[in-house]
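Take a look at this one; I'll ask things after.
Chain IDs A, B and C follow the sequence of writing; residue 1 opens each chain.
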Amino acid sequence: MKHFTCVQDVEDVEALVQKALTLKASPWKYEQLGRHKTLVLLFFNPSLRTRLSSQKAGQQLGLSVITMDASSGWKLEFEDHITMNTDKAEHIKEAAAVISGYADLIGIRSFPALSDKAEDYQDRVINSFRKYASVPVISLESAIRHPLQSLADLMTITEHQKTARPKVVLSWAPHPKLLPQAVANSFAEWLLRSNAELVITHPKGYELDPAFTQGTTIEYDQKEAFSNADFIYVKNWSSVHPYGQQLPVQEDWRIDGPKMNISSKAQFMHCLPIRRNVVATDKVLDSPRALHLKQAKNRTFAAQAVFAALLE
Amino acid sequence: MKHFTCVQDVEDVEALVQKALTLKASPWKYEQLGRHKTLVLLFFNPSLRTRLSSQKAGQQLGLSVITMDASSGWKLEFEDHITMNTDKAEHIKEAAAVISGYADLIGIRSFPALSDKAEDYQDRVINSFRKYASVPVISLESAIRHPLQSLADLMTITEHQKTARPKVVLSWAPHPKLLPQAVANSFAEWLLRSNAELVITHPKGYELDPAFTQGTTIEYDQKEAFSNADFIYVKNWSSVHPYGQQLPVQEDWRIDGPKMNISSKAQFMHCLPIRRNVVATDKVLDSPRALHLKQAKNRTFAAQAVFAALLE
Amino acid sequence: MKHFTCVQDVEDVEALVQKALTLKASPWKYEQLGRHKTLVLLFFNPSLRTRLSSQKAGQQLGLSVITMDASSGWKLEFEDHITMNTDKAEHIKEAAAVISGYADLIGIRSFPALSDKAEDYQDRVINSFRKYASVPVISLESAIRHPLQSLADLMTITEHQKTARPKVVLSWAPHPKLLPQAVANSFAEWLLRSNAELVITHPKGYELDPAFTQGTTIEYDQKEAFSNADFIYVKNWSSVHPYGQQLPVQEDWRIDGPKMNISSKAQFMHCLPIRRNVVATDKVLDSPRALHLKQAKNRTFAAQAVFAALLE
């Protein structure tokens, strides 16, 4: 593995999940692996879980970890051959090369603007670092993907699945704010590399980009989709066409007790943060069938597995 | 000790002071204690002394320390059973549980809004973390208490006292800004657990909440209060009734040389930051009888004693 | 060496350059030197390269590193004997003494306001910390100097020089923003302590303060200056008289291929960040004769040499 910004970077997804589970069992087993090496985590957007879990993952591998907030004051130019006389202080060519001079691994977080699909789906920040850095680049969530989340999700499914081929439903849910498609996109492309059966359910109009869903069954009836589900993975996203909007939705897509009871074996998943009683009810979140806190905890070991694979 | 958010958490105050003094003598003696454990410091409000001293304390115990500024962009919901469709992105239940998944100890700083006493005196941020975290929670100053400061203050008094039962005067002083009562509240409740004699002096109307002062003598004449004092602990606070205000004060409550000379043995204390020539004169602060820098230095060992006690 | 805020602090510049080159060859050789010691890095202004390289340098010496952003919310008072009833929350006397209680080394970054030369050229922030701290103070760039940059620059020249006395040209270049003179000032005073021949070229009116240039040859014709150059060090600065302004410049001072070819042996240097095609063309920056990324990388070892010298 040279970089970790999408599932295509991973040769053997199942082996990476197993590596993460091994690290969960013995978090400090490889604390010599990162000795005398530096992990730089660069946040162009805010982060809680990713920031804490990535720092912890780095420390458990013995890495020196340097975290930097680049959300204000460091505007990068991504266009080639431009005369830089505006507000962009540094070109990505220099930025990526300079940080590569200080880091053995670089983690980057960057969100989409949600105003222009073509622009966002180029995933320019992460791809430019990938292009110009001379060390491995890890996505800490980009404009269109969140692969460390998906790896943690797959770990959690692996830990809690009761059949060899569980039915996993990715369900859209309401949210008061406009959110990216990154988590849903990654979840789809990672699940399609697993043994699970993936079904996607969302209101008409909320179709994800087919580059990520690759022909996955879409069931527009949420209750129908939940039938026989082993895992219900809930997430809001804004529409792809038209891009970055909230569309009128008639039905109630919130997850509540009766919906969870359509399949009595179904376990609830969410990447967090979650809006209680908007996305899912208190009853769902406070039930033993909710795995959202276990997913969050697994973020540490997902990151650790990735850093370890890139260091090896 | 399960948590450290108020003096009531401490079974033996004197023993904790002695532990801090022992660590001051050998700061790295217990550097294996925190090995493979993580301290997360979460700042909902700015911090200088607390931030530096807590990080240093953690490092001296061998802890991995992760510091996070949560002052902007991470708005927590504290109400139960609410529909989270406003600006609050995450519920304290998830926030505290998730961080507990990454941390062995969680330090939290949070200030009061000073507009509603009932609201502030619930001390909701720190108490909610205490309720929902599954690991020990340490107050790095809350809406109504600053116990790490009080512990450092008591260490400093112990180091500099010349009699078994020193007279300690907590004196209000002027300040251009509205300040919380947290430092004064904690100082009172900690001193009442010590061998010292506590006297409080302030202008009429600046009475602290009796839950903290528990019937302590109030002497409204500052000069009278200073008579025979061993320590003069100076601090501004805004009024409790009416809440969070600056009341008209006729007399000059600033600490100057002549006031310090009312008791020639008196030593000056302040928790910092201090407004020179508003709270106390240059002459007082630059005199060898001023202990404020020693208090600041003791913050490291106070924090270290608390972290060590919670890890043991 | 007691502090490191200007070249005058360094007894033997050549020896310090050699020490940095030795550390570059074996970065972890002295990782016991900083054991049980703490480096506090305090940023009153933003930083990328300095922040990353100083943290890395500290970690490679085994120091505990605490980085603190003081750019907002911590306004210091520098005037003596003032009544502090404005927006300044803490006096430098307390601030420097308190941080000295937590740190074995203190790094400080602070920029000029560029509105009053007399004010900026006092270099008050760094000099006040120097005065009131009880531990060594390191400039991470001050209002008028950037000595860690100059040390890295001199390392880079040493590594790439082909003659015992290379001709080094410091050339002004255009920039859309008003920039300090700090990098140019330091570069001049450090080069004057080296074996190199220094020539300065800039448009008329952009003369640097003679306290830094000490009679160095100024050649107003840029192309003439570049004749036979071994190194061309490019940097924009705002004018000194009148202070902090952009003056009208007729000629094109940007560095391009033909200018670099005036001396076929000339190597290009810049401290970064650089505005492509404003300061220098893509062709210059993407050529093998450009050393700017090597300079950035050397920042780590320059900082490490300074920290090591101050610890010894």
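Following the convention adopted for this analysis, a residue touches a chain if its C-beta (ideal position, glycine included) is under 8 Å from a C-beta of that chain, and two chains touch if they have at least 3 such contacts.
Everything quoted here is computed from the prediction, not taken from an experiment.
A.B. asks: Any idea if chain A and chain C meet via the same residues, over half in common, or different ones?
C.D. replies: different
A.B. asks: Since chain A and chain B are copies of the same chain sequence, what is the angle of the rotation superposing the Cα atoms of one on the other, rounded to the nearest 5°?
C.D. replies: Nearest-5 rotation angle for the superposition: 120 degrees.
A.B. asks: Once you find the CA centre of chain A and the CA centre of chain C, what distance in Å lies between them?
C.D. replies: Going by mean C-alpha positions, chain A sits 40 Å from chain C.
A.B. asks: Which chain A residues reach two or more other chains?
C.D. replies: In chain A, nothing touches at least two other chains.
A.B. asks: Would you tell me which residues of chain B are touching chain A in their complex?
C.D. replies: Chain B residues touching chain A: 36, 38, 40, 64, 66, 68, 70, 73-74, 77, 80-86, 89-91, 93-95, 97-99, 101-103.
A.B. asks: Residues of chain C touching chain A in their complex?
C.D. replies: Residues 27-28, 46, 48-49, 51-53, 55-56, 59, 176, 272-278, 282, 285-286, 292-293, 296-297, 300 of chain C touch chain A in their complex.
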